Amino acid sequence: MNGKGMIGDPLTRVDGPLKVMGRATYAAEFEVPGVAYGVMVRSTIPSGTIASIDSTVARRMPGVLLVMTHENAPRLPAKGRAAVKPPAGREMSLLQDAAVRYNGEPIAVVVAATLEQATDAAAHLDIRYRAADAVLDFDQAKKDPKPAKMLRGPAEKKWGDAQSALERADVKVDAVYTTPMEHHNPMEPHGTIAEWKGSELTLYDATQYVSGAKETVAKTLGIPPEKVRVVCPFVGGGFGCKGSAWSHVTLAAMAARKAGRPVKLVLERPQMYGPVGGRPQTEQHIVLGAMRDGRIVALRHEVLSHTSVFEDFTEPSTQPTRALYAWPNGDTVQKLAKMNVGTPTFQRAPGEATGTFAIESAIDELAYELGMDPLELRLRNHADVEPSSGKPWSSKKLRECYEDGARRFGWSRRSARPGSMRDGRWLVGWGVATATYPAHRMEAKAVAIMNADGTFTVRSGTQDLGTGTYTICSQIAAETLGVPVQKVRFELGDTRFPKAPVSGGSMTAASVGPAVRAACLALREKIDAGGKAPLQAEGSAKPPAEDEEKKTHAERSFGALFGEVRVDPELGILRVPRVVATYSVGRILNAKTAASQFQGGIVWGLGMALMEESILDRRTGRIVNANLAEYHVPVNADIGSIEVAWVDENDTGFNDIGARGIGEIGITGVAGMVANAVFHATGKRVRSLPITLDKLL
Amino acid sequence: MRSFEYTSARSVDEALAGIGPDAKFLAGGTNLVDLMKGDVEKPARLVDISALPLTDIAATPAGGVRIGAMVRNSDCASHPLIRERYPLLSQALLAGASPQLRNMASTGGNLMQRTRCYYFYDTAFDRCNKRVPGSGCAALEGYNRIHAILGASNQCVATHPSDMAVALAALDAMVEVLGRSGARRIPATQFHRLPGDTPHLDTNIEPDELIVAVELPPNGFAQRSHYLKVRDRASYAFALVSVAAALEMDGNTVRTARIAMGGVAHKPWRAMEAESALVGRRLDAAAIERAADASVSGARPLHDNAFKVALAKRSVARALEVAGGAA
Amino acid sequence: MSRDSHDPPSEARRRFVLGTGALGASLGAIDALGAPKDAGNNALAPEATHRVRFRLNGETRELALDPRVTLLDALRERLRMTGTKKGCDRGQCGACTVLVDGRRVNSCLTLAVTLEGKEVTTIEGLSRGGAAHPAQVAFLERDAFQCGYCTPGQIMSCVALVDEYRHGMPSYVSRDVRPGAAIALTDDEIRERMSGNICRCGAYVNIVAAVRDVAGGGKA
């Protein structure tokens, strides 16, 4: 197509033709003979027990094959909790008892010959509850905070002596920032087709983690993992909500077993608010202390976020705090408030998206307190080493990002006083923020095959959720093998392929890329030694130290964000016509798909800044806007110009392809940048997201 | 979705013969099919009227225009007669929904669409006087950011979501309906009801009546009208507040003014007081401000929608400015 | 310093993608499955009471259906044509966009029994005889998609948009809706006209570029 297909080239996606033709097969689209349709039924109270489910009418309706409830669902080992190991193995709702823990919790599955029959029957269950008290008010729940547990690192981290440093500081900023509950809303609803053939189970599942889904379901059902196969060549967006195998996956398998037919269970859009995770709300208290010359001497960052009453999940908003600026004294704390809602989960840039909103806003407030340009303040506090640990960076080119972004944006033309820039009716504001995301990688395996016809097939059990995995792995393979990319076919999304980690944490390229390279190098060796097709070689790659503490370097990506907002001061309308960003993310593997990833992340950031919010009805605990008409994600008209770039960088200290991963960094910093630009335009500091017009009127 | 019997009417008579208490007319389906999927509407019979010969837009002898009830919203918005003589209506239609939905939705169906109140739309909420008379109003003490500030009652605080209806109210349109007992004309401003103590009734059309056309009288607004829609994102969203403003001027003086608001009440809200405040006056900033103030007179904000009062006022002012050519 | 980059539309755009790249080869394999047929899943369903006859991508179809079946589900579950996607099923996202009698609509809110005598075009029907539609080529080359799930709906909307624009249809952002007032297809016009298709991957910038290509504006 275009570009030779070497690493870095803007090669058009190799899976693109299938997608534009409508021929890419997603989970619910696999043809499975004899499939029946399962529909999930959910509770309508937030806490208590199911007193009775009367399915008499439903069971007699046309085409109905099964009504599965806690009364007749297969009994699972350990009451369905065999795979529970938060946050990887979730606490699920598998109809093992009558408990109801949140409004919208799965409590039954109805299976029928057609979707229409199943949906209708599902509406004919007569369900009675015994309601119990529910915790539905965050402001109440936070009065009894629980200790948090982070996925990486401790929930409390102190370095230096923040208390004393704050006392010595010339200038302080002390503010509370809040972000709301959100839901991922990928375009493809979650769905699973479960097919049993004897004791073997195949799951066509919309997932970011085929091997995780396999292990979870196998363990939960109490069957050997080798009896389970998960297939997912294409997933229609995940953003974190398809990283765990949620209740519907195992429920589909249970229903299929019980009904004696394959079952396709696809969630309706409203069912994606609660049972499959979302981002919890956060309340973040930041205290910053600085000297007159702009050096920040200390910061304290306390975060409260909510979780469910039955599983702890922590949104790690203090994670970026430990890395962003050169503050010599820091004190970060995370706590949880338990509520009768669905368990939150990883949502694009967990912790980094929310933490950077608070930090970047606070830094901006400090800049105004000091009378200093906000970009200058950031440069002055640039972290040359990781502040919380003192470790050097594996590679960091943030200064170049600030310089490049500022130049392309025209930052030097900014007039500092809030409200000083106008265009007719519009107030104009320019804001800056730093973007950041940690670099992760995990062990991955791949296999490279030379076919008799001279083509090559490379496989890994990884995922492509629009991230470009098919394409970059094809490029890595082609370059390593020394063949044109057209000769390479990369396959993924099948647990029959060599194991790869979750496509989450922006780590697929950094994990699978080196494994692909290793497999292709091993194949080349065999070819050079005289091997003839068909020939195959395996390869794997793993990070030297998986444990954060043992690493010698801090591995993190950064970026500089500049944006222009326009505010109509009379009507409160806020628009973001222009965003310019430059990133330091290690090596870019494909210029075309990388640009798309950055832009997509920024669009997510704009959604977070301007409009996204899941609203909980305080009396019933039901999310009132559980649909795409009222839960607002950006539409095309919300998005203006987004110009992204990156610095040349090759982080071979991190892995041998030099790439750190880019899936999530795009969202970070955006909400802070928007809030900062809004302040610059209006003089109003909005500390709670989303920045809706009622906050600007 | 419940099972239903489906028939397609080939004539208006057939349609009227087919309607009954357990039946609904199916036009574009953009609201009815959505509500049926949510089990909010559960008709046992659907009478498809999309093939009825109600698809014309034609000038009337009086110099107005008659729009058939089955004219699709997009066709109405782009019709030369509408764009020429009633650009306000065209703009209002184009502000609604999405291109796909506008291609499907009909004039009649747009009038009949139901509220987007969360507590009405999701049947898991058991307190909704509109769905279940006498059960209560969950929005009153619930999250009511998108709800009414005018004309509400303690039984219902829902708003009507249509943009088209706001323009029709401003333009003094007439809705022609046909029932078994004959034809009648209902002014657009009286087509939708206030909730009062009958929130289960959205409109003043009888269950066995069919909208056949909407007629617009001639007017002099084409040069000076504007539809302003303010919402939480730039497109594909319902109005927080919308305004249809239209003016006829004698030089600098207002001869006729029409101001109708959407997103603020159970029906499009004609701000008559505000209109009177403008007539005979110069259209200057002071007059616009007075009219804007008057447009929200009697407003009663709820816990989460107090901002709508200021927003409505300022939106009226803005729409008048743009309509008057000042903006 | 690298920049976001894309290649200019290739001259061989109509030659397209069959056989280019190993995944393209699988296209041929799918074609070999043969024309989609009525799965007959609901043959025994007592509600399959309505016969409806319509044209689908140029071929006549006759189905016996439960009146509750939407065009979207008829395509995906009965006819095995899964190119049209279900995103929300309630007319709130546009992923299910198809053309009916040449106009874009949400197939999730279209009851299949209302299609008597109509002409339906889906993403599968856009490419004729193996040659890709210019809209498909433009989306591919501009990388106007990521996960691909909203993509068929976006492309169908793009095709309709160009048609609507050429017929003089105004939009909410058009300065003057009166006939005679010229409407330029600016970026803002494209954005508004494509706002009925949500893309959660956020490919909007490239979608606008692709639509501009198709509308004949070339690169801005």
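Lettered A, B and C in written order, each chain numbered from 1.
Criterion: a residue touches a chain if its C-beta (ideal position, glycine included) is under 8 Å from a C-beta of that chain, and two chains touch if they have at least 3 such contacts.
Predicted, not measured: the structure shown is a model, and the values here were computed from it.
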Tell me which of A-B and B-C has more C-beta pairs in contact. B-C
Just by CA atoms, which chain is the most central one? A
Rounded Å distance, chain A centre to chain C centre (Cα mean): 28
From the mean C-alpha coordinate of chain A to that of chain B, what's the distance rounded to whole Å? 40
Based only on mean CA positions, could you tell me how far chain B sits from chain C in angstrom? 30
Set of chain B residues in contact with two or more other chains: 1, 3, 234-236
Residue ranges of chain A touching at least 2 other chains are 116, 120, 627, 629, 634-637
Going by residue number, chain C touches two or more other chains at 47, 66, 68, 89-90, 191-192, 195-198
Residue numbers on chain B that touch chain C, as the complex places them: 1, 3-6, 8, 26, 29-30, 33-34, 37-38, 46, 48, 50, 74, 77-78, 80, 83-84, 87, 90-91, 94-95, 97-101, 103-104, 222, 229, 234-236
Note which residues of chain C are touching chain B in the complex, please. 47, 50, 66-68, 70, 89-91, 94, 97, 103-106, 109-111, 113-114, 116, 157, 160-161, 164, 167-172, 174, 176-179, 191-193, 195-198
The answer for chain C against chain A in the complex is residues 1-7, 10, 16-18, 20-27, 30, 41-42, 44-47, 66, 68-69, 73, 76-77, 80, 82-90, 92-93, 95, 122-124, 127, 132, 136-137, 139-141, 143, 145-152, 155, 173, 188, 190-192, 194-208
Okay, in this complex, where on chain A does chain C touch? 1-3, 10, 12-26, 28-29, 31, 62-63, 113-117, 120, 185-189, 234-237, 239, 266, 268-269, 404, 455, 457, 465-468, 470, 474, 485-490, 588, 591-604, 627-629, 633-637, 639, 641-648
Within the complex, chain A is touched by chain B residues 1-3, 39, 116, 118-119, 121-122, 124-125, 138, 141-143, 145, 230, 232-238, 240, 307, 310-311, 314-315, 317-318, 327
